[in-house]
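Sharing a structure, written as structure tokens. Questions coming.
By written order: A, B, C, D and E. Residues from 1 in each chain.
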Amino acid sequence: MTDIIDRLEFFLADRGIYMLALILFAVGIYGMIACGNYMKKIMCMNIMQVSIIFFFLTFGQKEGGTLPIALENIFSAEAYINPVPHALMLTAIVVSLGTTGVGLALLMKIKDIYGTIEEEEITGKGGK
Amino acid sequence: MITESLRPALAIATALLAAILILFFGNRLKPNVREGITLVAAAVMTGLVFSMIPKVLGGGAFVAELWTIADGIQLKLKTDGAGMVFACIASFLWILTSVYSIGYVRGHHEKNQTGYFAAFAACIASAIGIAFSANLITFFIFYEMLTLATYPLVAHYRDEKAKASGRKYLAYTLVSGQLFFAAIVWVYAKYGTCEFAAGGFIEAGSMPKALMCVMFFMMIAGGVVKAGVMPFHGWLPSAMVAPTPVSALLHAVAVVKAGVFCLLRIICYVFGPESSAWCGGASVLSWFAVFTILVSSMVAMRQDNLKARLAFSTVGQLSYIVLGICILSVYSIAGAMFHMVAHAFLKITLFMCAGAIFVTTGLSQISTMGDLAKRMPVTCVCFTAASLGIAGLPLMAGFISKFNILQGALTMGKPMFIAVLMAAALLALSYLIPVVRIFFGKESSSQTVSCTAAEHGHVHSSSGFDAAPAMLIPLVLTTVVAIILGCFPDAGTHLYDMAVMAAEEIMGEGGIYLAG
Amino acid sequence: MPILLLEGLLLLAMISIAIAIIFGKNLLAATIIYCGFSFSAMLLYTIVGAADVAFTEAIIGTISTVYFIIAIKSIKNRGEHDEKK
Amino acid sequence: MKKSNSNKKLAAGLIAIIILVGASALKIGSFLPVIGAQDTPANSYLSEYYISHAVEDTASHNIVTAVLADYRGFDTLFETCVLFLSGITAVMILSTKKKISHDKTIRTINDNSEHIFSSNIMDAAFRIVVPIILIYGIYVLIHGEISLGGGFQAGALLACAYLLDRIIPSFQMRVKHITDEIALITAGTGALFYVITGILPMLNGGNFLEFNKLPFGSGAGDIAGLHSTGILMIEIGVTLCVMGIIITILEVVLERTDFDD
Amino acid sequence: MNQIAQHLPVLIILFPLCATLLCPLISHFSPDWGKRSVISALFLSVVCAVWQLVIVVSSGESIHYFLGGWKPPIGIEFAVDNVNAVIILLVAVISWTTSLFSSPFEKKERTRSLYSAGYYSMLAFLAVGLLGMSTTGDAFNLYVFMEITAISGYGLIAVGEEKGPIASFRYLMTGTIGASMYLLGVGFLYASTGTLNMADLADKMPQLTDSPLIIIAVACLIVGFGIKMALFPLHGWQPAAHSYAHPGADPMIAGIMIKIPAYAMLRFFYCIFIEDSKVMQLFFAALGVMAVLGVLFGSLKALRYDTYNKILAYSSIGQVGYIAMGFAIGNVYGLIGAVLHIVSHAFMKAGLFYTSGALKYRYGIHETTYLGQVYRKMPVTSLTMVVCALSMIGLPPFAGFFSKWYLALGAIQKGQYIFVAVLILSSLLGAIYFFRIIEKLFMEREKISDEENNMRTEKKGKELPWQMLVPLIVVVAAVILIGLFNAYIAGDVLKPVITEVFLK
């Protein structure tokens, strides 16, 4: 049993996590393209962004590292998780919030104009 | 011997300035002032151009290096013999055509006169630019400017027909212009220069024969289309819808001559006689020219519209020049260059006559022009003289040039061309003389004339003698000049000398040359 | 439980939530599930050691869910108004 | 019928994509460094510098904050701007609106008893929660350099307090509604405060955002102290901006919504 | 003076940034002054950009500005060399003229003071984002600026015409995918090098040539930049977005919003990767194909439309193809052509959209069928239209001709004859649709409905307000002057940097 878990863990560490993250990314993009509903599109956009953020964060992981908050007695770099991706992703997360806000505003505007937020109906009404 | 001088640039700038002034202020100025600008600019430009003749005759040249126009290439103007010949006729004829235009547009009450005069001036500016260009890029810039400036003239009437011919014109010239452009880039990338040099800078054998042939034809595409060599002549007859002075300008001075001049520059100054002959391009082109000469004459015979007949005559005569260039001997090249002059004066006379007839009587079909000589004697006499000149009768300008071309064909041993040239002279007579016969004939009465005139409603001076003076004087002048040039080819401006000089420069110091 | 395994499971859960959002019919339900997605994302970030990012994600998840709900609300109102007309 | 058909298509596409991406991702994953390894380029090059120098450079124990607000402070400025911009964009997009008639909005607020979100419990919870959120927000703002959090989180928390206030109407009228314009101006001022913090060192001969040239502080020796002052200042700016924008978007969206049903 | 000069790179961005942040506050009291503050801030940017260009060109060295005083790769760096400085000046000029141009529009539409503030804030942010994108030397910072550009773009498109919101929403979706792809690419690069600074990335590259990770990163980056610059198969969002955007801001959106990502792509690829590596071969091949198809597609598609804006939008796809072609050619002249085309096309397209905006402002039309005889009423507009259209076709002596010249020269030097053929073909197709417009403008009879007739007579005798005329004149002057004096730009300004930095 532990053997299986060990192997699984190695698989995950080597490539499994990346694979899952990229699959999440692909599902997000797929949703953005294939979903007919604009609200769902925005949600899928967020999903995609989460996957990218996670993808970045995995680069910074360190076995045995602690949170990147400097303690009085530890100065070696190995002891802390890489803080750079965290900083970058904080920025990215905020950007995604901004994009979502704009997306929602657009959504409501589209609802105002066309009375629907379904792609098919809008295209049918000459929204091309 | 080469002098740095801004004079060539000034000549172009004068015409351009006139165009811009007319374009921007034309609507606010009185017609007199507007036309005054044209005339003054024409006079100044002609003066500038002619003032450069002595220096060029002495073997020198004026060079104006204006500024770097593209990385490594100067915007450069240079007055060599060939360029001066073209510049002289273009600038001198501008005065005459503008005087004539004034008479024509007033007599005919044209619309959009501002645009008309502006485009006219721009046309001449680009023609002079083409004449003086010292490298391919400069040449191409003015070449495309000419295309653009001519477009509003061709589509002057702004009706469906005019628009269609404007489109046709653009289609022909832009397509060929783009091919020309690609070829220029190719040459520049391959040889690292695009400066014109007498005798060419492309050496035979510097690239595979087939490739060079392709390059040659891409290069001449622009010239061939503008010169109306068949089967690329389609735009020329349909551009006939434009007002007559425009046709005169198109056919006699600026556009088609620019096309021929383009061919001269490319065959003699870029490829050089040697490479042109080596890659086979010149002989192919000469057969195209032969074909054009024969076919266009036949087509011309069947045209009833006077301007259309003249248009096809132009197509034929230009191929004469093309043929002269392609024969690639000193004589023929000199002849070709002088034929540019001769044909310019003769053809412009013919067109002015056609225009004068149209404005004065409203007639455009040859078959209705019976007995016109009574009504417009001077015009008809001039027409007759010019027709004979086109056919190449001795003592007219056309004779000398044709004789030279013949001589060239003879020295190069091309009997086929001699036969063609002889036949063409006869053909020219056969399509122009009937017109003259109708003018002086008695078939139709003067009543018909007045009837058709009334129908057309163009007649405004039906009681006056002949055409209005503004039209009459230029056409008489051109006739006189044509005759003078025929008797004394070196009279005044030494155009013939310059042509010979340029030809010798191109062919090197080969052979003693005798004046015809 | 090993950390990576937990990560893997959470990711799988997120993928299934994503698929549920794509195929779900009810928008409100989708929004609620999205809230769950956001929560798992937060957990994931915490596990990875990015406490700051997790903190931010928690707040942003809340706010964007509120936005979504309000937007759905407003869209529904709009639709009803239109129907009434 | 049509719906289920399209759903099937959707599912088929999704499965295909998952398999495709999964397979290629397996390949890609094998090139990427193993997760948790110490010696990957990402973990060893720059991050080493940041980890070992952050405290002495900036006196900020939270290395993420140090990187975010100091080493890469310029990014953060524009992150704030993105937020400000998105607020303004949302306002603009929804500005040419068919507003819900005004009297209705007023009625909604007054007729609290009908409101779905309003209840005694909610109200009581609200009274307890909001002050805590506010205090926590300010704590997060000030202690951003030592523990988790920073300007962004603080601003969001403060905005959350307002958000609760806005969507849970109580029996008493509390804080006056902030209009979107005022909120925007607040946000703009916050971001401007950030910019000014950056410009101050320029007047003192430093570069933009170079905190050790800030024109206040005791002396030359206290560079880390200056940095921490600078970080605090920009955190305040970020807080204001984030708060303002979240409120703006909320107001804009709410203006078009009535909880009437 | 010297002290200011040393801060120029960041000052150019700070002026509009401060103005846009203050704009809501000022507009609260006086919308007019809010507007003026943005316009004057952008003008200051233009002045600074000129100054910076002079400094960079005269000293021959690039400026490196360390934000926060941290040396790269620790901190973020602004790097300004000759090419950058030219692009920055371009962005500054077009932003300023556009802000001036949209002032009458904004006045006409103003419903409340916040509207004015919002519109001008978005415009200034668009400028800030583009300026930042062209200045920054940090890969992640580029992403942030990209998002700023994109979000302000969404806003300006959404407030445009009736179909604006839909176009904007689609752009939002596609644009976010593009930005995410870019971020993913940067992530791969970061994973394999551990740095984000472009110069530092370039230093690390030689050890990593042909690493599969880099190839994946390049693929992601091409897709990301491709979406942002509307390269052919990824152009889906562009035609609608460009044709329905706010007519006042459209010149900027169409003129530079797709050019600057292209420029960023140039910098990213040529500065970071080594030219003869496998990665760049992939880049050349992919871009070459996309460019050729894009040029043909854009030109052919433009033929099918009668709406002025649509024609222009599709022709943009073709023109972006030209730029990509320059990248794919990849020798000195190819790159000079690409950069020059970025500059000249930005001016031409902006000019054409200025005329479109002017028509919209005066007559409320976009259909080319109503263009007849407009030139009598609006001579300056028509002149701009003609000059820009001729330049787009690529006729001398306008700017468009010379960028085409360099592109063709580069292509022939590299033996890519197909590119030359495509260039020529697309010029000819361009000639068809632009001459169709010109012909309508000058030759068609007037064709107006009653309503428009009223509008026409209402403002008889006046062409346009001066705020709209200035941009038109600036653009015409720029197109002609860049055409005539391109050798200076190409030879003296661009060439040294391109040979030294891009093709090291």
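The rule we apply is simple: a residue touches a chain if its C-beta (ideal position, glycine included) is under 8 Å from a C-beta of that chain, and two chains touch if they have at least 3 such contacts.
Here the structure is a predicted model, which means the values were calculated and not measured.
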item: Minimum number of chain-to-chain touching steps separating chain B from chain D; value: 2
item: Contact distance in steps, from chain A to chain B; value: 2
item: Both-way neighbours, i.e. chains that touch chain E and touch chain D; value: A
item: Central chain (by mean CA position); value: E
item: Most widely separated chain from chain A, with each centre as the mean of CA atoms; value: B
item: Of A-C and A-D, pair with higher C-beta contact tally; value: A-D
item: Most distant chain from chain E by Cα centroid; value: B
item: Chain centre separation in whole Å, for chain E relative to chain B (CA means); value: 44
item: Chain C and chain E: spacing of chain centres that average the CA atoms, whole Å; value: 37
item: Gap in Å, rounded to a whole number, between the CA centres of chain E and chain A; value: 30
item: Distance between the centres, which are taken as Cα means, of chain D and chain C, whole angstrom; value: 17
item: Touching two or more other chains - residues of chain C; value: 4, 19, 22, 51-52, 56, 60, 63, 67, 71, 74, 78
item: Junction residues of chain D, two or more chains touched; value: 10, 14, 28, 32-33, 35-36, 40, 42-44, 46-47, 50, 62, 64, 71-72, 75, 79, 82, 85-86, 89, 93, 148, 152, 249, 253, 256
item: Residues of chain E whose C-beta touches two or more other chains; value: 140, 144, 147, 151, 154-155, 158, 165, 168, 190-191, 196
item: Touch relationships between chains, expressed as pairs; value: A-C, A-D, A-E, B-E, C-D, D-E
item: Touching residues on chain D, where the partner in the complex is chain E; value: 28, 31-33, 40-47, 49-50, 70-75, 78-79, 81-82, 84-86, 88-89, 91-93, 95-96, 180-181, 184-185, 188-189, 191-192, 195, 199, 201-202, 205-213
item: Interface residues, chain E side, partner chain A - complex; value: 140, 143-144, 147, 151, 154-155, 158, 162-163, 165-166, 168-169, 172-173, 176-177, 180, 183-184, 187, 190-191, 196, 240
item: Chain D contact footprint on chain A (complex, rising order); value: 12-19, 22-23, 25-27, 30, 34, 36, 58-63, 68-71, 75-78, 80, 82-88, 90-91, 94-95, 97-99, 101-102, 104-106, 108-109, 112
item: Chain D residues within the chain A interface of the complex; value: 6, 10, 13-14, 17-18, 20-22, 24-26, 28-30, 32-38, 40, 42-44, 46-48, 50-52, 54-55, 61-64, 66-68, 71-72, 75-76, 79-80, 82-83, 85-87, 89-90, 93-94, 97-98, 146-148, 152, 245, 249, 252-253, 256
item: Footprint of chain D on chain C - complex, ascending; value: 4, 19, 22-23, 51-52, 55-56, 59-60, 62-63, 66-67, 70-71, 73-74, 76-78, 80
